[in-house]
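Structures are listed in the sections that come next.
In what comes next, chain A is part of two complexes: it sits with chain B in the first one and with chain C in the second one.
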Partner chain A sequence: MTASPKAEAAPPMVVVGAGPAGVRAAQTLLRHGVRPVIIDEAPLPGGQIYRQSPAPRGSARQRYGFEHKRAAAIHAAGARLREQADYRARTAVWNAAPGRLDLVRDGELDSLPYARLLIATGATDRVLPFPGWVLPGVFSLGGAQIALKGQHCLLGPRIVFAGTGPLLYLVAYQYARAGGQVQAVLDSAPLSRQAGALPALMNQPGMLAKGLYYLGWLRARGVPMHHSASLAAALGAARVEGVRARIGGAERTIACDALAVGHGLRSETQLADLLDCAFGFDAAQRAWLPQRDADGRSSVVGVYLAGDGAGIGGAIQAELSGERGALAMLADSGIDIDRARLRRLERRQAALSRFRQGLDRAFPLPSVDRDCDDSLIVCRCEEIRAGELRAAAAQYAIDDLNRLKALTRIGMGLCQGRMCQGGAAELLADCRGIPLSAIGRLRSQAPIKPMPLSTLGEARP
Partner chain B sequence: MKPLLRRAAPLDAPALRLTWNGQPIAAQPGDTVLTALLLSGERLRTTLGTGAPRAGFCLMGACQDCWVQCADGRRLRACSTLAEEGMALVDSLPGECP
Partner chain C sequence: MTVLHADVAIIGAGLAGTSAALALRRAGVSTILIERGLCGARASGVNFGGVRRQGRNMEQLYLAQRAQGIWARLPELIGTDAEYVRTGHLKLARSQEDLDKLIAYRDKVRDFELGLEILDAADLRRRFPALAPGIVGGSLCPGDGQANPRLLSPAFAHAAQRAGARLLEHCAIAHVDTQAGDFLLTAVDNRRIRAGTVINAAGAWGAVVAGWFGDDLPLQIKYPTMLVTEPLTPQIDVSLGVEGGGFYARQVARGNIVMGGGYGHALPGDRSRPGPAALAELGRAAPAVLPALASASVIRCWSGIEGYFPDKNPVIGFSPHTPRLVHAFGFSGGGFQIAPAVGEVLAEMVQGENTLMMAERFSASRWSARPTQ
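Our next item is the complex of A and B:
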C-alpha cells in the first residue's frame, strides 16, 4: 500500500456489521495495513450475540455466560477499531448499488463508495406464526435474551420457552439462573434426533459439554422440559396468560406471563440481494441464502460474505469466516497474506461445520402448522391472515412468493418481510402442494430499514 | 396490571423522569424506552388495522413492532432508543386512528 494522497482518496474497503464476523474481518484488514470503514447500527461493537450495553449491568459472566471471555475479546478488538479505523456506529445501510452504500445516521443521509465490501449483517430469530403470537408478552427468543444481557431485565415473571435450537436451552438456563420463573421448555425436536446427532456433535466436545450442562442444570432444578412439543396457541386477551401445547400427542395448558419463541435463526440477506448476489436454497435452514465460495466471495466481484448473515454457522464460525473473508479481500487486492494462517482457519471451520451439521440434525427446523386456521395472523405489521394468503394463492394459482406479495401485501410492512417471510413461504408451499424451494423468495427493496419520509425527501433522485 | 418486565437486580442510580400518556414513569440511565415502558406496563402501542395491543417482539431493531410516539409527533423505535430525562411518550396522538 502506498500512502500517496491519490491512494488515500481511493474508495475504501468497507465492512458492514460489527458482530464477531465484522470485527474479525476489520481487524484482519487493519493488520495488513488497510484502514477499513466499519458500518454498524448499534452504539457499540459486539453484534447481537455479544451485544454491549451503554450502561453495563451485572457481571460479564451474567451477561454472556460461558462465552464471557470470547465476548470480551470481541469488545476489545472492536474498541481498537474505533480508535484505529473509520468506525461509524449507530449507522444503518438503507440502500446499496454496485460500488456504493447509502447510509443513514440520526436522520442524516450519507453515501459511501467502496472498493471491496464485506457483508456481515448477522441474523435474527426465525419465528413461525401461531395463534396468539402477536399478543403482548410473546417475544422472540433472542429478544428475551437481549432483555437480560442488554438491560438486565427479565420477561415474565413466569415464562415459557418454546421452539427449537440450542439457543432455547441456553436462554432458559440464563433466565432460571438470573431468577426467572421458567415454567417449561418446549422443544419441537424429538429426543431421538438429538441422540442421533451425538456423533457429529462430538466434533466440538467443549461446546457439546456446555449444552449438556445447561440441560442438566435445568433438569436438576425441576424445570419441565419436553421434546416433540409444538405450540398450539398463546392464550390471553390483552396479553399472554398461558400457552397451549401439544406434547407427544396430548394437549396441555401452561399458565405464564411471557412466552419466548424461536424456531431457529434467519439470516439478514437484504444487502446481498440489493447487490444482485446469486442465492441458493438451503434445505437445512429452509431459506434462500446468498452463495459464497469457501473464502466468502459472493457471486458479485468485490462483494464478500461472512458470519450468520450468509447462513447460520454460529458465533465462532462467524469470527473465522470474518477473518477468512478479509484475507480473500486482501489477496484479491494483490496484498500478501499468511497462507499457513489460512489453512489453519480452513481446518477449524471444517470441524465447526461438522458440529453445525450435528446441530441441524438435533434441532430440525419445524414448518408452519399446515392445519392452521384461516384467521391466523401471518404478517405482524399489517395483520394479514393465512386465509387471505390461501385465497389469493388458490384464486390466481400463485406459485411464487413475490406474486403473492403483490396481491396480498405480505412482506410489504415496516419489517419488510423479516418476520413473516418464513411463515408465508411455508404456507404458500403447503397450500399449493409444491416444495418450499420451488416458490422463490421475497426480493429486497430499499429502504431495507425504515426511515422517516422527511429523510428520504433529502435523498438525491 | 402486571408489568411485562422486571429488573434482575435493583438499580440505585438516579432515576430519569418520563411520562407515558401523561402519567409519570421512572427509568434509569441505560434503560431503553421499551424497558422503561414495560417495567411499568404491558403495551407500547395499538395496531392501525385492528387496534390490537402490541409490546415489541424482537428487541433488536428488526421487527418494527415497538414504534412509539413522542407528544411532539416524533416517532421512535423503543427497543433501540435510550430513555432520556423529560421524554413525553404516547401510544397515539390526539385525533389519530385508532
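Our next item is the complex of A and C:
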C-alpha cells in the first residue's frame, strides 16, 4: 500500500471524527503505512471531551483536570496527523452514499470516495424535556463544559447541576475549581445503586478513585450534593431563577442563575444510518445503535464504527475501539497486523466494559416524567407539546416514531430530532403502553446538520 | 385462518385508495383497504403538497374541477382541513417563449373557468416583491392552493374506517387467486381476503400488482427530490411553479419553504434517496427565483417513489383482461389534487356508473390500441 501510482489513484481509507477514537484509528493506519483522510468538524483535534480552544488560557491541567495527560497525548497525536495524513479540519460530512462521502467546508462542497471508512462521530448530550427546560439559562452538561473548556466562560455565577452520570460530578468539580458558585449537585440515581455498582467499578480502580476524589473535593468545600434527587422544574419568568427538586420526598427550591442538566449522552448515528448500517436497540442506553462486531465492523462491508458514536463507552474505550477498528480495516485489506497487540486491546476493552456496566448500574439513565403535564414542550424547534403528542398517538393509534413525526412535526425542525427524539420516544412508548424498543427510530435524512441552500448549488456535475 | 369478505378490496391505502374507500362506504358498499405498510406513508404522504389544477392536461381538468369541490368540504368529509389553503398557484415564465405557452394554456382551458390571470414582470414585482427581478411573467390561478400531505391520507383512511371500511395495515399480498368468480387475496402472514371487485391503487407498485393479473402497463418509476428550509419570514403566499418544470416551492404557515425538483434514486427495501444532481440544481434554482433563499439553511431533504406513464395521465379504468379488476395508479407526479375525485369516480365505476370524462385517455388499454407517442 505504498507509493505506486495505482495505489495513489485508489480511494483512500477515511476516518470521520478526530476525537479519541478517530485520532487513534488514523494513527494506527499511518503506523501501518496507510495514509488516511481524516474529516473533523472542529478546527483542532480532540473531539468534545478533549476539545481544544484555538486560544487556550490557563494550563492543560486546569482545562482537562486529571485527564490532562490523555488530552495532551491525543492533541499531540492529532498534531502529527495534521502533518503526516490528509487532515481536513472544519469539514463536515453532510451526506453519504455507498463508497462516497459528501463534504462541506466553508461553504465549499467536495465529494470524497473511500475504500474503507471508520465512523467515529462521537456523542452529544442526551436531552430530555422537563418543565422550564427551554428557559434561557438552562444548559446541557456538555454545553456547560464547552463554555468552560472552549470559551473560558463560567455559566452562572450561581449554578445548579442536575441529572445523573459520572460527568455530573466532574463538571461540577471543574466549575467549582474555576470559581463557579455551585449551589447544589442533584443526582437522580439513588446512593444504593452506586454502592451496588462498586464491585463492577473496581475493574478500573484508577477511574473510580478519580470519581471519588471529585465527590470528596466537592463535599469538603460544602457543595450540597443529593441522591435520589429529581429535578421537578426550572423556574423563572424570562430566564432561569431557580430550580425545584424533589429530594427525599420533600420539594425544595434552590435559587440559581444557571442550570446544567446531564441526562446522559447519545451517540451521533446519522452517518451510519445514511450508509444503511443495521441498527439494534440497546436497553441500557435506551437508544438504537449501529450494530458492530467486536472489532468494529458494521453490517455494511467497508464501514467500521468506533468510539461513542457507536454506543457510549467513554474516552478510553474510544481510544481502544478506534485502534481496534483501524486494525480491522487493515486486516480486511490484507495488511499484516500485530495479533498480540489485538489481544491486549481486547483484554483492556473487556475490563472497561465491565466498568461501564458498573456505571450504567450506578447512574441509570433517567426518563421523561410519565405524568408530565400536557403543556410540556417536547420538541422545541417546532414547539410541539406533550399533549399534542398524546392526542395524535391516541387518535391514530401511532406506534411508530416516524409516524408520530409525520402527524405532529416532532423532529421536523432544525435539530432534525437530534435533541427531541429521546424524549418523544419515551413519551410515545409510555402513552401507548409499548416498549421503547417497539416504536422504532427516526430515519436520518441529509443534510446531517443544517447547511445553506446556496451551498448545495455549488456542486458541479 | 378465517377469510375476510367484502364487496370491494382496495390494494394500496394511499390517497386514491383511501378516498375510494370512503366514497364506497358512503355508498354503502362493503370495503376492505389493504396496505403493505402504513396508510398514506408513501408518495401520498411525502409529496410536495401542491393542490394545483393549473398546468394539467385538459382531460384531467374534469377530475380537477370535481376535486376542487371536495377539497372545500374536507372538514365535513374527513374531520380535518389538512392545512388546505387556497393560496393561489403562480406559474412563472423565465422567457417570453414560456410566457406565450402560459397564455396559450389559458386560452386552451378557458371553458374550465380556472380564472387564470396572466401577469407581466411589473405585475409580479408589485404583487410578489420576494421574487427575483428578471422573471418575464407568470400565470396565476387564484383558486389553487396547498395542503399538508402528511395529514391528508391518514385522515382519509381514518374517515373511511369510521364509515365502516376495514383497514389492514402491514398486510402485503403474497398471491392472488379466484374462487367461485371472486378474488381471493392471500397476505404474507396468511391473512385472506375475498372480494367481488379489486381496485389496484398501489401507486408506484401498481404495475407490479397489474402484472399479477396479466396486465402489462408501461409504468416508469422515479424519485422526486424535495427539501425544506428553516423557517423564514413571510416571503410568498402563493404556491410556485415554473413553466417547463424542474422547480416548485411553497412557504408553509410556520415559515419553512418546501421545494422540489429533479429526481433521486432507489435504495434497497423499497426506499429512495434524493439525487445529488437534483439537490445541486435546487440550490441554484431556488435563489434564482426567491433571492432570500440564498442565505436560508436546508434542514432536510427527502424523496418519494412515484409511478409515471409516458403521457403523464394515470390509468383509471377496468383491466383489459380481468373482469372486475379496476386500476387506478400512475398519477405521474400529479395525483394529490385530483385523488379525492378519483376516489369518487372509482366508487361509481365499481357500481356500474361511468362518470369519468374522456375515459379513453385513462384507459388501461390505451397503449395496445395505438403505438405510444
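Here are some notes:
The criterion applied here is as follows: the second predicted complex is superposed on the first by the 456 of 461 C-alpha atoms of A that agree within 3 Å, B and C clash if a C-alpha of one lies under 4 Å from a C-alpha of the other, contacts with A are read in each partner's own complex, and residues count from 1 in each chain.
As a convention for this text, a contact is a pair of C-beta atoms (placed from the backbone, for glycine too) under 8 Å apart; a residue touches a chain by one contact, two chains touch by 3 or more.
Please read these numbers as outputs of a predicted model, since none were measured by experiment.
When the two complexes are overlaid on chain A, chain B and chain C sit side by side with no clash. Applying the stated contact rule after C-alpha superposition, one finds that A:Gly179 touches chain B and leaves chain C untouched. Rounded to the nearest 10, the angle at the Cα centre of chain A between the centres of chain B and chain C is 80 degrees.
Contacts of A:Gln48 after superposition on the shared chain: chain B is touched, whereas chain C is not. In the overlay built on the shared chain, the residue A:Gly58 is in contact with chain B alone; chain C does not reach it.
In the superposition on chain A, A:Cys431 makes contact with neither chain B nor chain C. Touch criterion met: A:Ala258 reaches chain B, while chain C stays clear of it. Of the two partner chains, chain B and chain C are each touched by A:Leu414. In the superposition on chain A, A:Glu382 makes contact with both chain B and chain C.
In the superposed three-chain model, the partner touching more residues of chain A is B, compared with the other of chain B and chain C.
Residue contacts after overlaying the shared chain place A:Ser454 against chain C, while chain B stays out of touching range. Closest CA pair between chain B and chain C after superposition: 5 Å apart. Touched by chain B in one complex and by chain C in the other are residues 382, 413-414, 450, 452 of chain A. Across the interface of their complex, chain C is touched by residues 95, 97, 102, 276, 382, 395-396, 400, 403, 406-407, 412-414, 416, 445-447, 450-461 of chain A. Partner chain A is touched in their complex by these residues of chain B: 2, 4-9, 11, 28-32, 35, 39, 42-44, 47, 49-50, 52-65, 67, 75, 79-80, 82. The touching residues of chain C, when paired with chain A in their complex, are 38, 41, 45, 150-151, 154, 158, 227-230, 254, 267-268, 273-274, 276-277, 279-287, 293-302. For chain A in complex with chain B, the residues that touch the partner chain are 41, 48, 51, 53-55, 57-58, 62, 124-125, 134-140, 142-144, 146-148, 150-157, 178-179, 238-239, 257-258, 268, 380-383, 413-415, 418-419, 449-450, 452.
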